[in-house]
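Let me give you the structure first, and then I'll get to my questions.
Chain naming follows the written order as A, B, C and D, and within any one chain the residues start at number 1.
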Amino acid sequence: MEKELLFKTNNIGKIYGTNTVLQGINVEFHRGEIVGLIGENGAGKSTLMKIIAGVENPSMGTMEMNGKPFKASSMLDANKHGIGMVFQEQSLISNLSAAQNIFLGREKDFSTLGLVNWAKMNAAARKSLDKLGLTNISPSQKISDMPFAMRQMVEITKVLDIVSETANDRALILLDEPTTVLTDDEMKILFEQVRLMKEKGNCVIFISHRLQEVLDLTDRIYVFKDGHLTGEVETKDADEYKLYEMMVGRETNGEYYVSQRQTVPTDEVVLEVENLAMFGSFKNVSFKLHKGEVLGLYGVEGSGKEDVCAVISGDEAKTDGIIKVNGKEVKFGSPSDARRNGILSVPRDRRDEGIIGLLPISENISVSNYGKNATAGLISGKRQTENAKGWIKDLGIKCEGPNQRISNLSGGNAQKVIFARVLDSECPILILDHPTRGVDIGAKGDIYSLIRDITEKGFSVLLMGDTLDECLGLSSRIIVMKDGLVTAEFDCPADNKPDQVEVVQKML
Amino acid sequence: MNLFSKKDAKSMTVAEQFVSKVEQEALSNKIRVYAPMILLVFMTIVFSIYDSHFFSLKNLVNVLGQMAVPLILATGLTFVLLLGRIDLSVEGVMGLVGSAISLLVLNSRNANDWGIWGVILPLLLGTLCGFITGFLHVKLKIASFIITYAISTIVSGVAVLLYNSRPATVKAQWIIDASQTYFLKIPLITWIAIIFYLICAVILNYTAFGRAVYAIGDNEAAAAASGINVQKVVIEVFVLSGFAASLAGLVALIRLKLGQVSLGENQMFPCITALVVGGTSLNGGKGGMLQTMVGILIYMELLNFLTIIGVSADYKNAIQGVIIIIAVALTITRGRKVIAK
Amino acid sequence: MEKTKPSFKSLFVQNIYILSAVLVIVVFYIINPSFLSLYSIQNMTTELAPLLPMACGIAFVLYAGSIDLSIGAVASAVCVITGLNVGDMGNIMILYMLLFGVMIGLINGLLVSKGKLPSFIVTLCAQSIYRAIAIILSNPHGGGSKNIPLKQRVVVNWATDKILGLPILFWIAIGILLICIVIERKTAVGKSIFAIGANEKAARMAGVNVTLTKICAFILCSVGAAIGGIMYTYKLKSSVPTIGDNLYMMAISSVALGGTLFSGGKGSALRTLVGVLTVTAISSGMNMAGVNPLWKNVVYGVVLIAAVAINSEKGGRDLIIK
Amino acid sequence: MKKALLLFVVVAMLAMTSAVFAADEVWHLGILVHSLDNEFWAQEAKGGELFAESKDDVVAQVLATDGDDNKEMQAMRDFIAQYGDHAIFVTDPASKANTANVVEIAEEAGAKVAILWHHADELEPADWDSFVVHMSPDDFVAGYNTAKHLFDLMDGEGKVVALYGQQGEDSAANRYAGFLAALAEYPKVECLDMQVASWSQDQAMTFTQTWLSTYEDIDAIWAANDTMGLGAIEALKLEGKNGEVLVCGCDGIAAAYEAIEEGDMACTVANNGYLLMGYGASYAYQAAKYGYEPKNPVIKTQAVLVTEDNVDEYKAMFIDGTPEYDYDDLSFCVLSEHPSFAELEAEDAAAAVVTGAVVEAAEEEREWNELIDKINAEIEKGIENGEEGAAEAKELMDFLQGLYEDIVSGEAK
């Protein structure tokens, strides 16, 4: 059965300055289907979504919706045409209620003489939430009082509501990694809803890094690489490996994690944690980190692993337990205390906690260790620049030079700058908190070999991997956490990685 | 922090700990929200005990009368602060509008007698000033602190030019009558302020515009993504603040009859202080009309009390400063990682 | 390798802030050539001397993304204390007053960084406190300003002597400017201030000691204000409890004029110098051009808006600067 | 050779004479006032301008100082940068202390300055070349007189409250000191409270309202200036107590006169900015142009207590019109209500009669005599050198002598 064409693009492209991020994209979306969009970070899929949703203007090409030329000047405009997008980053207003967020910008429907009838709005919100099975969310509850997953659901509700209102089941809904912070149950509800939307004749576009989800949910998959559309497959013909191949152009295996260079940890303990606890997050956590070792910390979101890292990096305060560095007990009030004791982290949230956007690359590298380029307390700008140039070369950071603003770099290159910063700090213990999150696969490989390089030099790494695969691949040992407690510890020698299923059993 | 014994905390599972932590946070948030109100009640009780004059009907009516100008200004500024911006131009606009009205109604300087238009046109002029401020702020992308300061210097300069150094005294009988009109023992100007306050409370809480103000103050990018025309709302807020300043100018003129720039002097910083004491955040997004009222009441009571007990004028400002730092420290909401700018 | 030469255009855009000062000076020179006479230049440099350290000081707080409204009052307090005592105690007062500045900055900084209170409110309250101190201290002397007795003026006269035709105060101010440049470009503290202003969370995670850095910024600011106050004493040879009442807005607006961002993370002492120069030139120039005093505020406001609009960097910012 | 020299001398001489007679020298008067947004200061500025209008060779410019010492110095220097020693100043100084700087700057540039209101301790006009005169309606006296008037109306008995001006300002302090001095003279008058209303009408009103609710029986409110007095009156009006509770002001602004007419205000002091600054300017001008030095350079001007008895007169003079003064008659302004200034008045009146014209004539004569002496010396030299030259010179000399006499007699007509 040939489905009715809902939306198509003709040779869409996008250029930022001299940088072409998207080129010659021709995609078609039909009514009643779910289309997956996959590709590495920076492959261009997010840019395409933004163009369709009216957030960005295309540099070239045209689009058609319902057979008519389509051009959205703003997101609101796109909404009116029946296109709605759920963003990766949270875009809710935290001090407004769920109902107010869902109908933000559309209060007119509930107002008489400009005054909004909140009861009416809450009732409408109730209805929309119920439709998605979100009976546990109260429309009058403030967003700031909700857990993250709940917020995400409100966001999805908001978009679905906007679009279904105007599009009469001819809507195009874009979901940009909606599942990152959802629990399994929530995910199931979401998937059900997405399928329901599809049944009604809408089209849903689904972006996710979790290939299994894509395979579960979609009918058809577009694959992007380096700003080009490189493939299109029917989901029923695809499997995870095939998709990997299409995205990356190579298979994932031990090679990928440079396992042959995995170090065998020495006996020297650099960091020791005894009965560490943070009230309401984890307790009784004990482990030892050896010199030259990569110690993986794994668990689901909310298992407490994030807070273990936060406490060790000085970002959060522990409520109990002991941290010892090189056998000496230490107390951290802030990350700067931790740094002074030789511990520094690569934060997970790169944009918020990693890069210092207004400053150039060289300053971003030196910020953790100004003293390195200083004589008698005075910093030499020249030495700082030379230092930055050295790192740019060593880590292969693609940039115009050390004076370029870091905010103009791509995710992978910005992350490499952050790596340059922690390495430049000469701290022997590094906490890598999702070091490859939002980094394209090429840069990922670079980061993996970099981790091998530094452990060979005697640095010790506490790693929180983005995926279990990554965590297992990189670590010499892995600690699994569940509900705030350590549930298992596995040795992961290069030639004998533990079975993934075994690990997963311990964390769920 | 957990007030129960440590042993208890240790024996709980992490999940239980989490629940109790969330509960505690919710509780402390609630306390924070109500802290200004608790402070207000506490102050009222302590002051009344300390000096019997304080809680006398006469004095309360007094405080209400003096509240008119600060309340109007603070109402307008609430919107500006909710956006995370600041408006230093209100003093200048007050002076300009007051001076302009005094020159257009029956007065001691010239032969003008424009009647009600003599009030309406200056109010529009002040509102226009607000528009210009907002427009320049949005279009030239100049920090609100600086643009509003510049506008303030300009409009107060214009005001002095208008009356050419010799301020006019209002002679229009209806304005003089207005200053001596009372309902329920409360002066008319205070009623004007209260009505304006209530209208603004409705605007803030029951209109799309009000929601948009919160949205922009909390997360400008997200608000824009939700289809809110950020620039338009920002300009509108400055227009509203300009109107509030104009109305405050009118009220101050009704109170004092002499139309000069100094009508607006030393009004703005106290108002902003009062707003912050009431619980409005200077970073935007947090606060509301209730907080504004509480803040203004706290501030007015403090001032009134210090006058009543006759604190030496030399020390009064210093004492006031110390008390306000303490009050803000007690009432302000801060997370552990919240940045104080 | 990827070394690209900065284009003329980008150089021009980067340095456009100098243009406003040049423009203002040229305009006033055309209106009245004696604007650039030696005497007039001496006058303007004397004028600029106390304002420059104050502006340079508060610039650090602005780089860090905070604000300090107390600098005027601090200058008043310092001016009063110095003026009343310098005659008897001699130039050692300068040292004491610098320490006083450090103390004030420490208190402000602690309240802001440790107490997590908004700097706007903390320094607004500090303003009323130090203003009160200035007044209380001058009260036993009949209130108001009090000049250093003529006999004792030898102690302070050196400051207005001239080297190379320009007053010593000016050279000191330039020296302080240079120190500020060194601090912001060459020291960890200065760089950390920019880092926390640009992205406090990230700077914190990178191991920058945010508390200490903020305190340092406030100390630098208050010391700048104290230096300004001392300079006013030496320049006016008297203690003036109201000297700072308008100064803080003047200092803040001159920093803004130079194009320093109020949101933090950007700016330089050289920009501040240009801003101070422009402000001084405007006020001197208007006197010399015979502008009616009634119009002065209007002209000043308009020039301020125009200059800030031209000077501030806003490339690539979608959001409106708050 | 000798002829050439002589001719040069003559031409120089004629040039000088013409300069003296043609009076094409222009004096630039810098009028330094706090600002123009206050009625009294505007009155002062206007006074200075009125004086300048009365002279052909004076150009005035108003320089506002915002009450800021620093801006005042800057404005003076800016002015001197343009006009050098042809700048003259009359200033209502930003502060007492700053007058020392004002004088120093003027001294350095050789510009004459008249200072109003305050002058720093130890700073006496007599010690300085450029500090011509200090004129002031005494703030202390003003505060004293208004307070005394209030207390007299109260029959020397009752309760009073006081509104203080801006903290840190001299006028505020001095007026309050006057108030306290008067208070000390009336033991039965009790001062219930003093508050700092910073010259602000709004604050004064607020304080008064609070007082009215705290104290039952206030008889009078002493305010350090008119604006604050008017604020107090507005508060009284709300209680219907205007006219009942006595209020005073100071400065003499239009609204205060109206309040006196309406019976709401008991008294104010007409500080008379026109007179103060106009005559101040005149002193500076006379000193700069003719080298005139007043015999007693510390002058207390008339600062009249305005009550309902004389309000019409003062309103007509200062508000509805501008007073016309003969700025050459420097004796006019030297009056004072205060007894302690009686002798001053007499002395200075005598001194002040010696005004410009007399000095001018004396100066011209002196210059001529010098010239003639020079030429005579030249002739002496010529005689030594030879008969011929001497005769020639003598001839020329006689001619010149005749010319001079013609000119002088012509001038006299």
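Assume a residue touches a chain if its C-beta (ideal position, glycine included) is under 8 Å from a C-beta of that chain, and two chains touch if they have at least 3 such contacts.
All values derive from a computational prediction rather than experimental measurement.
Novice: Quick one: how many steps at least from subunit A to subunit C, stepping chain to touching chain?
Specialist: 1
Novice: Among the other chains, which touch subunit B and subunit C together?
Specialist: Under the touch definition, subunit B and subunit C have A, D as mutual neighbours.
Novice: Chain with the smallest distance from its CA centroid to the overall CA centroid?
Specialist: C
Novice: By the contact definition above, name the pair with the higher C-beta contact count: C-D or A-B.
Specialist: Result: the pair with more contacts is C-D.
Novice: Could you put a whole-Å number on the gap between the CA centroids of subunit C and subunit D?
Specialist: Each chain's C-alpha centroid was found; their separation is 36 Å.
Novice: Can you give the whole-Å distance between the Cα centres of subunit A and subunit B?
Specialist: Averaging C-alpha atoms per chain gives centres 42 Å apart.
Novice: Let me have the rounded angstrom distance from the C-alpha centre of subunit B over to the C-alpha centre of subunit D, please.
Specialist: Chain centroid spacing, subunit B to subunit D, equals 44 Å.
Novice: Can you compute the centre-to-centre distance for subunit A and subunit D, using the mean CA position of each chain? Integer Å is fine.
Specialist: Each chain's C-alpha centroid was found; their separation is 76 Å.
Novice: Spell out, as numbers or ranges, the residues of subunit A touching 2 or more other chains.
Specialist: none
Novice: Among the residues of subunit B, pick out those that touch two or more other chains and give their numbers.
Specialist: 156, 160, 164-165, 221, 314, 316
Novice: Going by the contact rule already set, what residues in subunit D reach two or more other chains?
Specialist: In subunit D, 36-37, 167 touch at least two other chains.
Novice: Which of the chains are touching one another, listed as pairs?
Specialist: Once each pair is checked, the touching ones are A-B, A-C, B-C, B-D, C-D.
Novice: So in the complex, which bits of subunit D are touching subunit C?
Specialist: Those residues of subunit D that touch subunit C are 35-37, 61-64, 66-71, 73-75, 77-82, 95-101, 120-123, 166-170, 172-173, 177.
Novice: So in the complex, the part of subunit C that touches subunit D is made up of which residues?
Specialist: Interface residues on the subunit C side: 32, 34-35, 37, 39-40, 42-43, 46-47, 50, 83, 134-135, 138, 142-147, 149-150, 232, 235-243, 245-246, 283-284, 287-288, 290, 292-294, 296.
Novice: Any idea which subunit D residues touch subunit B in the complex?
Specialist: Subunit D residues touching subunit B: 36-39, 41-42, 45, 164, 167, 193-196, 198-203, 205-207, 209-210, 212-214, 227, 230-231, 234, 237-238, 254-255, 258.
Novice: Would you tell me which residues of subunit B are touching subunit D in their complex?
Specialist: 53, 56, 58-59, 61-62, 65-66, 69, 108, 156, 159-160, 164-167, 169, 179-180, 187, 252, 255-258, 260-263, 265-266, 303-304, 307-308, 310, 313-314, 316
Novice: What residues of subunit B sit close enough to touch subunit C in their complex?
Specialist: So the residues of subunit B in touch with subunit C come to 83-85, 136-138, 140-147, 149-154, 156-158, 160-161, 164-165, 220-221, 224, 230-231, 234, 269, 272-273, 276, 281-284, 314-318, 320-322, 324-325, 328-329, 332, 334, 337-341.
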